[in-house]
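There are structures below to look over.
Both complexes below contain chain A, partnered by chain B and then by chain C.
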Partner chain A sequence: MSQTVVEVDNLSLEFLSPAGNLMALKGVSLEISKGEIVGIVGESGSGKSVTAMNLLQLLPKTKINIPSGSVSVLNKNVTEMTEEQLQVLRGAEISMIFQEPMTALNPVLKVKDQINDILFRHKKISPKEAEEISIGLLRDMKITDPFRVYESFPHELSGGMRQRVMIAMAFSCSPKLIIADEPTTALDVTVQAQILSLLKERAKKTETSVLLITHDLAVVAQLCDRVYVMYKGEFVEEGKTNQVIGSATHPYTKALLNSLPEGKTPKSRLATIEDSLTETAKESIPENKTISSINSHEIILEIINGSIEYPKDYNIFGAPISFHKAVDQVTLSLEEGKTFSLVGESGCGKTSLANSIVGLNQLSNGEIKYKGINIKDQPPEVRREIQIVFQDPQSSLDPRWPVWKIMTEPLTAEQTPTYKELRIKASELCEMVGLEPQFIDRLPHEFSGGQRQRIAIGRALSVRPKLLVLDEPTSALDVSVQAQILNLLLDLQSEFNLSYFFISHDVAVVKHISDMVAVMYQSKVVEMGEAIEVLTSPKHEYTKNLMSSVPTLEIKQ
Partner chain B sequence: MSNVKLPVFAGLVGDFGSKNFNWDKIRQVANPEIVVAFTLFAILTFIAVFGQFIQTHDPMQGDLLKRFTPPGSEGYFLGSDHLGRDLWSRMVDGLQWSMACAMTANLLNLFIGSTLGLLAAEKPGMLRIIINQLVYTLQSFPGLVILICVVVVVGQGFTTLVMTLGLLSWVVYMRVVYAEASSLFQREYVQAARLAGVSRWSIMFGHVLPGVRASLFVIFAFHFAGLLIAESALSFLGLGAPLGVPTWGNMLAESRQYMIRAPWMLIVPAGAIVTAVVTMNLVGDGIASLSRKKGRSIDV
Partner chain C sequence: MSSASEVNNNKIDKSLNKANLIGPFIPFIQQLTRLLVLLFMVTTLLFFMLRLAGDPALVLAGNDASPEQLAAIRAQYGLDKPLLIQYFNYMLNLLQGDFGRSLASGEPAMGKVLTMLPATLLIAGLAMLISILIAIPLGAWLGFKPERPDRRAVSGIIFVFQGVPGFVTALIFIQVFAVNLRLLPSLGMEWGTIEYINLFSNLSIPIPIPSKTWILPSCSLAWFLMPSLTRVVAANTSEAMREDYIRTARAGGASGKSVLWRHALPNALLGAAALIGTQFAFLMGGAVITETIFAWPGIGWLLIESTQTLDFPVVQALAFCIAILVFIVNAITELSFQFLDPRLRSKGN
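After this line comes the complex of A and B, so read on.
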């Protein structure tokens, strides 16, 4: 543990742009020893990726300015290296694992060619030896049929498998340091758990240092020896993982921990970063005040034996001959004013089901009843009582429309209100979802992710819906923003007696917000019941597996 | 002049009429190439509009005593032709003819192409199949050949030429609008609008058409250049403008016999065509880079 692999000393960095320079890093110091796994935790935009990119000198030199500080990797100052010297360093000494394995792997080359490309560049070996090394690496990644994977194209592999290949490639030249930039964010929880343990095991065995960049404190708790907490371009706290998580000293770290839904009373308000950073806010936030919902026990939505099939193969005339079942015989019911959550991995059919509730696609079999009547027989004005909030507020808002127009668009469908009426309505909606009403002339790109999600929620609320379908509304957001949106949803529910159909892969969020939970696995609902019951004492094999895969803040030694 | 034209065009591409429109931003993104493009375009437009006032002679009136006057002498700014007519004045007339023809045909193309593109993109079905088959049929003929065939049958003249070009060369618009609108119709904000019960026309004109607007401006400029060439080529072959009308194509055709004796007769119309085509291509590039810099990539 004595040898230092990376040493960053008092590094500041600013981005140059015609609109004004932006200080991205303010006096950052970082040290990584041999064989150590170090995490950098922070929200998007806090500068964590910039820190890592700078180790490899991957930032365009004309666009940045470094007023102070030095970066040395393996006792060599990388800022003074030539491009040729850096090339030797990259890949051979330092390698990188990216977030999205689909885009990080070249889609037109086989796994074989991509691994060999790195091996041949940095080692003088024959193709035969390269194959042996590669198969060995893939086997180390616990890939059961390494020969098939070796001869496959990336699109033939699953997300988890691709990430294993990426890790195998990262280890291929036995580097001294691996930079992992959100390596498991794009993966399902069950796969994430496998990948994390693989990465840890492999790094410890080969004494490779790992710099892990993530927004997820739970991932850090699972994997890292030491952790740096980053906030607005500065490390606000650093130390051994269990110290930082167990007894955080800096207010930001505390706030970050408080904003996680994990371990909090269900349906209680989560502390947001702003709450925790401003001291006066403490009194105004009722601690753990459980928000009660009205129990009417009236069933608002019912799905009976719902199935959705997509055509898989077609005959030569274009008629489908075989079908893929996306949703298989699902029966569930949602009481008014309650939250029903659907948990499952990507591809299990949860979004298909949500889309069929709002009418974006049709059930192949079975029926959906809204207020006791088949939804197809309900008049349009009743069907509009069901609204949807999408996952990514970036793509669900028209980038060319000002906020007032976006929020009031549903109102223009039936009547033709005047410009003035619409603007008044938009201001009301803004207040409802916690936005400043004077911002209604701005365009979506002038808002942050959380604010955009508020706009999307405001649009859904404009037609006074009874039921909101929430398709992963917080998974594109930072944890602290997630806390704000969850608080908002809970407030709105108690104020307007809304019913939520909530879809998520995040068990902690689901546990926090739901009354009822259904766990979906391979198109079927495998377990359903009261949220607390299902998620604390799961019965089905898959639910058990899911619950044990969720990374937690508890540190396993 | 560039300062007048430039913001107007950038505005059309982006936040036209919006309160966020910012002249300073435009000045930041205006690189030399864009300034040159829009200056040239402004000059061409000026000549086309105020042609009558800057012509030095009557373009149709010849002076046989002053045949083949070289440029710059005896009051002939760009020389005279085999009948002693002023080439500068004829070129100005030609510019008006070509610009009017290309502009009208282009607007017709824009209208037909984007309407069909939007309709085909909206949803799969019979309409999409029919429109696509129509496009394949049109594309399977070489462009100029089909134009020549039609002109031979229907005859010459401004109206026939404009109608022929206008009704037959909209495929590029349809293709681009179809491709971009197909992806825009799948966007979540369009789905959200549908769920709220917003009508299909409101979705088309409110969400989808503004989404392809930037691309439409770019194609408009490039296609304009293409139409100028097509018009000149048809006139050169004697199929576009009626004989005697001073268009660039006709002027080129006339110059063929006197190429050695009076090379300026060839150079003037050819230079005019090249300038106009290059200008329109530069304008197209300029609009594309302006809309990219404003963060709205045209290749969505």
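After this line comes the complex of A and C, so read on.
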């Protein structure tokens, strides 16, 4: 175990750009021993992927500058190796698993070709031997029909299956080190659990070192022997996983742990990084003040036997002949001022249902009642009381519109307010969602992800809604930003008595924010009830499986 | 509740069975319907637009014809009847495969077009081949490392080429290769030694044997397609080079060559294939210019001549032919898409 596989010493790295160079790494030192699983945890832009890519020298050489430090992998100084020497190293001695299984595999090549390419490149073997090795690897990845997968194109496989293929590719030449860059971030939580255990099992069995890069402390807790915490290009804390998570010493690590909804009182305020890093801010934040909502018990939204079908095949005249059921006979109801959450994996029909509430698609069967009346019979000014916030604030805001125009667009649907009125309204909305009012002339790309989500929420609030449909509003955000947005949502709820229809795949977030929860699986609601009850003592098989798959900070040894 | 859903299921099952019987032919039938609609619209629109262009009787009779002569000519060619009647007569004949006779020469219009067609197909095909052979390697080279100074310079030159009108390049080619260097002929067409074989009694097909006369016309015509195709291949390649799977390939130890030819280029060609389909119609337009300049006896040249003499039946037959050609090329492009992109292949099944 004492053999060192990776040794990074006091490495600094800057990205060159005409607008000014950007220091991505500031004096980073890292060590990985043989067979060790080491994690680097940090938020987006903290430099964790850069650290990993630099081990394989995969960064464009013309665009970076390394003022100090050395990187040695397997006792070879990789910074001084030529491209040809590196090509021998890559895939054979060190291999990498990437985040997005959807885009990380070449869409026009079969799985067979992609694995064999690596094998042929590094080993002198016949095609027959290559096939044997590949099938064996796929079987080791617990793929039940390895021959079908071997002959498949990536698009014919599910996300989890593709990630298994990625891992098989990474292990194909028995490397000494595997770098896994957010290997499970894009996957459903049940699949994530399988993939993580596969990775750990295989690495321990073959004594392969693993460098795991993630933003998720819980994943680190499940997998890693040691962890480095990265913040703004520096390792701020380093140590055995249980030490770092159990008794963090650096304020950033503490802040990161505090911003996680897991284990906190539901509906309490979550600490954000800014709170924890600035002492003064601490006093102004009411600690663990539980926000209570007014209990009117009035039902604001009801879905009765709602089904949504999408046409699958068409006849000659373009009329659909067979359908895919996205939502199957869902019945649920939401009380005013409460939060109703819908949990489920991707493709289970959550978003289809959310879109049907705001009229972006139509139910094929059943009805949606708003305030006791079928939503189609409600006049437009009542229907306007339902607004939606989408998942990805990067793409859901028009990049060419200034903030004031984005935020006040809903107001111009029926009336024609003056330019001045709209700008005043936009400033008010900015204050409401915690943005500086003087930013209203800026464009979306000038804001961070969290600020953009605030803009999206401000836009939804512009018409004074009663019900907000929130479709994964925090899943594209860092945990500390997620904490800010969740705090904001809870504040707005208590201030305006808003009702939330909240959609998420993240059980910890749902547990934190919800009153009621419904678990959706394969287009059907399989379990529904009080949030605490459903999520702590699940009845249905799928919910149980889901709850046991969620990685937690508890360390299993 | 359950019985209702069963009934529903049965319905779906039945309709699925029906779909399976005609299922494989659906794309074919759809394409055929599209082609028929296209041909109907092209002929109808052109029929009325050509009648707006002028009176062919005036052209046929000459400038100093008397009104009686004009009337006689109109009666002879059926031009004195109301326009709608003329249209219905024309369409009825069309349905029987009769495209009418050329007003100028009296030959069957379609026969005239078909004898000229091979010459155009020859240079259009060669032009496409030349464009593709130049554009793919050049575009790949440009897109692989677009930030290098040499690639930038070449991209700039290609951009200028794209801006130069086709007839200017054709004239430059003639000046340089025919007039100054005296390497290549600039006028007319030769088929090589054997000129024609008779396939049917009235339709003869020439046998193409490479001849020097082909070079300049097909190169000039290639100029219409090559710069834009190169630029698309280059742009798609550099885009593909930024994709995640390229990073995966590099992390697996792939060399620069393998990254480009095996991983980036096949993906980049998907976009280029689409361009070839849409640009074919444009190439036909280019053929009109090129054939006129090089006195190449193809349908582009015929189109100019018959439009000038208001030879309606020939123009109509030409449009009909070109519409079918463009349609076929687009259908081939769609098929090649399925060949190149496995994601579309499984959808088709």
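Just so it is clear, the second predicted complex is superposed on the first by the 557 of 557 C-alpha atoms of A that agree within 3 Å, B and C clash if a C-alpha of one lies under 4 Å from a C-alpha of the other, contacts with A are read in each partner's own complex, and residues count from 1 in each chain.
Here, contacts are C-beta pairs under 8 Å (C-beta built on N, C-alpha and C of every residue); 3 or more make two chains touch, one makes a residue touch a chain.
Values in this document were obtained by computation on a predicted structure and should not be read as measured data.
> With both complexes superposed on chain A, which partner does A:Arg90 reach: first (chain B), second (chain C), both or neither?
second
> Considering only the touch criterion stated at the top, classify A:His155 as touching first (chain B), second (chain C), both, or neither.
Touch status of A:His155: second partner only.
> Go through the superposed model and pick first if A:Leu217 touches only chain B, second if only chain C, both, or neither.
neither
> Is A:Ile388 in contact with chain B, with chain C, with both, or with neither (first, second, both, neither)?
first
> With the two structures laid over each other on chain A, which partner does A:Ile118 touch: chain B (first), chain C (second), both, or neither?
Second partner only, chain C.
> I'd like to know which partner A:Asp398 touches here: chain B for first, chain C for second, both or neither.
The first partner, chain B, only.
> Which positions of chain C touch chain A when the two form their complex?
12, 15-16, 18-19, 22, 26, 29-30, 147, 243-245, 247-256, 258, 262-263, 266-267, 340-343, 346
> How about chain A: which of its residues touch chain B in the complex?
Contact set of chain A toward chain B: 18, 358-360, 380, 384, 387-388, 390, 392, 395-402, 406, 409-410, 412-414, 441, 443, 445, 456, 459-460, 463.
> So in the complex, the part of chain B that touches chain A is made up of which residues?
Listed in rising order, the residues of chain B that touch chain A are 18-20, 28, 187-189, 191-199, 202, 206-207, 210-211, 295-296.
> Residue numbers of chain A touching chain C in their complex, please.
Going by the criterion above, the answer is residues 56, 58, 62, 83-84, 87-92, 95-96, 98, 100, 103-110, 117-118, 121-122, 153, 155-156, 166, 169, 313, 315-316, 321-323.
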